[in-house]
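What follows is chain A paired twice: with chain B in the first complex and chain C in the second.
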Partner chain A sequence: MKTILGRELPDYIEGYGEVTPFQGAFKDARIKTRVAVKLTSVNPSDQKVLANLEEAFDKLNLKDGMTISFHHHLRNGDHVLNMVVEGLAKRGLKDLTIAASSIFPIHEPLVAHIENGVVTGLVSNYISGPVAEAVSKGKLKKPALMQTHGGRSRAIESGDLHIDVAFLAAPTADTYGNINGVHGKAACGTLGYALSDAEFADQTVAITDNLVPFPACPIQVSQVFVDYVVQIDSIGDPAGIVSGTTKMTKDAVALIIAKRAAEVIKASGLVKDGMSFQTGAGGTSLAVAAELQEIMQREGVVGSFASGGITGPLVEMLEAGLFKTLFDVQCFDLEAIDSYRSNATHQAMSASMYGNPHTKGAVVNCLDIMILGATEIDTNFNVNVTTGSNGVIIGGSGGHSDTAAGAKLSIVVTNLIKARLPIIKDQVTTITTPGESIDVVVTERGIAVNPRRVDLIEKLRMTNLPLVTIEALKIMAEKITGIPKDVPTLEKIVAVVEYRDGSVIDVVRQIK
Partner chain B sequence: MQKLRRSMLFMPGNNPGMLQDAAILGADSIILDLEDAVSLSEKDSARILVREAIKTIDYSQVEVVVRVNPLDTDYGALDVEVIARVKPDTLMIPKANEQEIKLVDQMLNQIEIEEGYVPGSIKLIALIETALGLENVYNVIQASKRVVGVLLGAEDLTSDLGIERTKEGQEIFYARNKVANACRALKVDSIDTPFTDTFDCEGLAKDTTKAKSLGLTGKSAINPRQIEIIHSVFAPTEAELKHALRVLDAMEEAKKEGKGVCSLDGKMIDAPIINRANCTVDQCIRLGLISGEDGAR
Partner chain C sequence: MKTILGRELPDYIEGYGEVTPFQGAFKDARIKTRVAVKLTSVNPSDQKVLANLEEAFDKLNLKDGMTISFHHHLRNGDHVLNMVVEGLAKRGLKDLTIAASSIFPIHEPLVAHIENGVVTGLVSNYISGPVAEAVSKGKLKKPALMQTHGGRSRAIESGDLHIDVAFLAAPTADTYGNINGVHGKAACGTLGYALSDAEFADQTVAITDNLVPFPACPIQVSQVFVDYVVQIDSIGDPAGIVSGTTKMTKDAVALIIAKRAAEVIKASGLVKDGMSFQTGAGGTSLAVAAELQEIMQREGVVGSFASGGITGPLVEMLEAGLFKTLFDVQCFDLEAIDSYRSNATHQAMSASMYGNPHTKGAVVNCLDIMILGATEIDTNFNVNVTTGSNGVIIGGSGGHSDTAAGAKLSIVVTNLIKARLPIIKDQVTTITTPGESIDVVVTERGIAVNPRRVDLIEKLRMTNLPLVTIEALKIMAEKITGIPKDVPTLEKIVAVVEYRDGSVIDVVRQIK
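On to the complex of A and B.
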């Protein structure tokens, strides 16, 4: 069977199940059920604090084949996932599925557990580093399930992704299981990706290196969702958690792309009081924020909110009065953490509130302008951020598909040529985000608008911006790089790429 | 219409990534450098790289200038021989003197015949960076019809003079005047020396304003982020444009009324004022700030 984008998919994928092919960004709007949670109530005399992880393992109902979950707020500094999996492996457990909102290079020890059968399934929104390579090489028994940030919450809340035990890295936890991310040596700010896990898992364990007397203040994850609390020496390496200060790029080409993107935003007519904006933490994306900041200041515009993973530059815009509030699902740098800790208008949001399509309205639905990246774009504006051009998994949607679907104006900013490769192709290696959600592609050599956006094309024609068709952009790049050969893959499906609504938008096959 | 030469951006000739993107950085001209930016061990490879870049990459939006090595080195003549055959817009000749310009002119005559290019189509920019070259700048420009501009190289010049190069630039006051005047006299462009502190935007704006006030028509850049500042200094201000259009309107009005002279705001408008107004309007048309029709009203 085929998706609406023409990708051929099997009806059934071993280790995944029956396939519902992607039929369009909003084709799955119907009445949904939120799953009921089985819980063991805690009585007044019960103690939640356990001596160590081993005691927690003793108390938990551990069994082969279970699904355990982790959030990724400690990013490439996370110690918790490796420690827990190592402990479970020592106990002889096998056939585990790891549902981690993201997986980073620090999780390399997982590879050995994948190879020896302790871990046979992965569910994640973003996988990079050695684990991604292992999956791409077909080492994982079941196909990895790649979701979006909003899609993961949807899956958890609908019961599609049932979590047996959630292990929550907690920068601060009190003795009764209240958690926050703003205090402690591994402070990471908001905990947006931990909330659905805590709420919907059968059992939840807080793992902290900063145990404080009850009650912790503030409380970001409530005691009502937490079964046990375990104190360990270190949940993470601060150097890997935050990037310190997120710096503006000095790259001349990136700055040109950013300037043009800002001009597109301005020409769209969306720069006005009450506007909302989101951008990534990459160099070009942040440069767009800086350009937009200048335009907003010049024109005296006060926006409503900026959202997403929050960085210093967005904090600066909040403090300059350019936005009334921030919706922060995760803090990317120390400035964001400090701001969240001290400024009440810097608000946290859960991943579900951020992007879950099956709620009474996610924040992405309220978003005017979204700046996105891309590894590849095809001439139908479909975007790949899941695999590299060699077919190896290098990331995943994260919030890409969620925000693209929600925002009024989704702009992809990218160099037309990266490391000798043209970015625009007839077919992307993997479709992560459908072209129907992408409005504009801004490169250093020209700007292509999705033909669906006739209104935007008309507005941009009034400017001096270099408008071209996406096909013309493709030819421009290929004139310099030549046409790259297709990279052949094997038949075996190593990852299933789920759209935010749970339909399958593409699959990743094993590399040769 | 003659292309503007407000900004000329130096790009190292041995960096493929930079050569690939050189045309899109916003400069009026790019100077693909085979001289100072390239170490001795890379002279050959850079020459080949620049040759291939000119053949392959679409530089149609900018003037492509290649700075060759000095003619008294082992590389200069070979640079001219190899690069001219792929027809850059312009060659830049370092440490220029009459002799060098004449020599290159002859080489280009021959190459243009052999390659079937329009005779005289490859232009020259003389890099004035010695005391002798500076004193001789008028003759240097006259040494070939190909010379379309002069670039003042203050680092080498002050080194030749044995004086300190400063941010304030008082030491090159004479050189700037001399170059500006000779270029104006012979109707070629005069390009100021680069401002080397690439992080000091305010300093760059000041330095560029100073050069403009002395009559130089453009400025070289060593970093893409300098281009926008240079362009903003060389663009006429809105007030200047408004005034120029009023001057031309008043003149037209006087003509219609059969008056030989006219006045604006109580001041007499004479030939130099009209000339300046025409220059301002012409530049605004070239910058796309107004249409030709607006300027010709």
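On to the complex of A and C.
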């Protein structure tokens, strides 16, 4: 069985199930179902606050084989996932599936639970650090399921990913389960990745280190979705939650790339009133935002929105009147948290509203310009952000495929060579995002436009920008680095990479 | 078949179905299901804005027998319901069920469509004016289904009330279907009654007279629930939407009642930090709020929240620091709209979060004190706010049963005699709210406490308040008015009164 991109896939993967191969970004659309949800209604005399996590475990009717979920707003400062899994392991539970929207180095203790069979399944949009290495080495019993941010919401809301218990790290929770992320010592801002979990899990437990009297204000996750509230000492380490001030790059090559990307945007004709923009929090991406800011100011353009994980530089653009509003699924720094707390035009969005392809229209659908990164790009513009060139898992789509699919202009900004390896290859190690969603690749040595975008090629030909074919870029890089050898892998599939619609776009095999 | 309150009900009602008789306020609780929803996913190239209502009708795959829904935030200024039904009638559709959260005198044109068979079903929480009279006279083919505000959300979310198309009057909508009620010439504030409709209808159409570029800010109903957007000239008449400044009564008797109600509240021990309070927008109810305000200020008490339909006086209490936050399902006046627009502690709630008994805890569950009205009360404290003493429908529960069930202290404030008729009777014409939810009846001639509330009776005995039995109140009234004759009705059931859990608490029969 082959995907439309030519990847060979088995028709059945043990521990995953039947495979629907990827057939194109919008092939699986139209009539969809939001799944039914069972819930236990709460009467006026019922209390939700429990004495501790153990009491919650007692109430939850826990069983081997359950799927438990976590959001990743506390990022590399998260204490909740480790604490819950440790507690469940002590109770002798086995064969758990962890559905965590992302996994970071702080989740290293999970490796031991993977090795001892407490955890046998993992569903995530982004996996980095020791857990990623353990998965790559084949330690997890079932293949990890790697989704996109929008695809995770789709899977939860459609019933493809059934969550038995959602454990919600709550920077602030009141006694009736209303949650916000803007107050408390572990404040993280918006809670976009927690909402589908709260709404669709069989049971939802809020775990907080800032229990406040009813009602919390503001309310980001409503009491109507929360069964129990547990107070603990600390849900997370603020130092790991926010990265402080996000800074753009000072690297000269990266700045050239950013400048060229901004020129591409300008030449595309999309810089006009009502424009919308998203970028990641990486140094080069933020440098593109800075370049774009200059252009918008010079031309007096007022955009409609910037979106995504929000950083200080985007907050500044909002405050400077360059965008009318922000759509924020996740605050990346303190500036973003402060802004979301105090500025009503800094609006939150759920992961579903952000990128779920099977709603009545996600925000990514309204996006003009998207700036993306890449670990590898092939000559069909397919992008890998899932594995390194050595085959080890280093991340995953996050919102990469979602935004690339939705945006009118998706630009990958990257150095042509990284760590002495060429970025552009005949075949990427793992396909994360299909080439049909990528319009332009901007490097320091030239700009390649996807041949599908004839309109854009014509516009860019009117400029002095150094247009080249992607094949030419590949050859340029290989002249310097040589042609890298293919990374040999074992047969065992250690991760299934799902496209946002739930089809399988690729698999990751065990490293040697 | 009998309800627990002794009302005789048929076990099957033509046009309604099988009857589950009411068995107690919290008998039908615990494991519940939120129903699955079918939706048509929207791709980036799809447009939602249609040229006019006719184009929407073309797209909607309309059929005889469909259920179409409307919210009532535009109250007696609403243009949308009449316009849509008129348009559907012109297309020759028949046998429609109108699920409107409330019906007002402005909806008089519906009577003609009831008479000619375009509309054969009606589901509503409150029906007043010509439509109520038409229903009472037996003109509607099927019995009207009268629900509570929370019960309507329950019915929609459980699948008991399936909506084919929700037509959402939108004071402001953007081109991708995001809606708010705070901007536009028909601004009405919060949109609490529109949310379950938008989320659970097969198809949702936003109808606006203020179409703005994407994205609207703030967003109260999300784009992910809206299929189409239609712009029309006017969705409503502002004069009918808000009542201007809500004023408390100046009637001397009503002021005495209010003062006594406040003394009951004080004596109950509930006036303390963290207290919560709700009252209707009637003159006497607002006078209770004014009395309570004085007590709270004198004693330095800071409450947690006030809730419900919000009026200027409650906004003043918020701004004076007497409550930390408001929960607003519906703004009753311009002060409330302004406050909701600008004050983050003035929080919106959906009708489901407000009163749906089958969620993980509605706001009514957290309510300490509720001030209610009554058309009739029986000696078992059952309350009628559905029909007048002549048997004609004059309203319905709205949030009456929801708040009474949830609040720790539910107080009915009423004159003992209205329009020369006694309020307290052996049997009320229609039971809207069960007596088990009513704690106290305060009249100008005495205060009756529900015998179930032994604790409260003991507290009130320590005061000088004029405690009497409800039977004594009845006799006092009848001494003045005489014993009113029972209103004779025909056999035909014209309305089924559902309790908030979906059981049938009473029926309304055709007037002679």
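Quick note on the criterion: the second predicted complex is superposed on the first by the 512 of 512 C-alpha atoms of A that agree within 3 Å, B and C clash if a C-alpha of one lies under 4 Å from a C-alpha of the other, contacts with A are read in each partner's own complex, and residues count from 1 in each chain.
Criterion: a residue touches a chain if its C-beta (ideal position, glycine included) is under 8 Å from a C-beta of that chain, and two chains touch if they have at least 3 such contacts.
Quick caveat: nothing in here was measured; it's all calculated off a predicted structure.
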First, second, both or neither for A:Gly274, with chain B first and chain C second: second
Which superposed partner A:Asn343 touches (first chain B, second chain C, both, neither): neither
Which of chain B and chain C A:Val42 touches, first, second, both or neither: second
Which superposed partner A:Pro213 touches (first chain B, second chain C, both, neither): second
Touching partner for A:Thr20 - first (chain B), second (chain C), both, neither: neither
Chain B versus chain C as contact partner of A:Val253, first or second or both or neither: first
Chain B versus chain C as contact partner of A:Thr463, first or second or both or neither: neither
Chain A partner contacts - residues on chain C that touch it in the complex: 26, 29-44, 46, 48, 176-177, 204, 213-215, 217-219, 222-227, 274, 304-305, 324-325, 327, 344-345, 347, 352-353, 356-366, 405-406
Chain A-facing residues of chain B, complex: 20-21, 24-26, 56-58, 223-225, 288
Of all residues in chain A, those that touch chain B in their complex: 250, 252-253, 255-256, 417, 444-445, 464, 476, 479-480
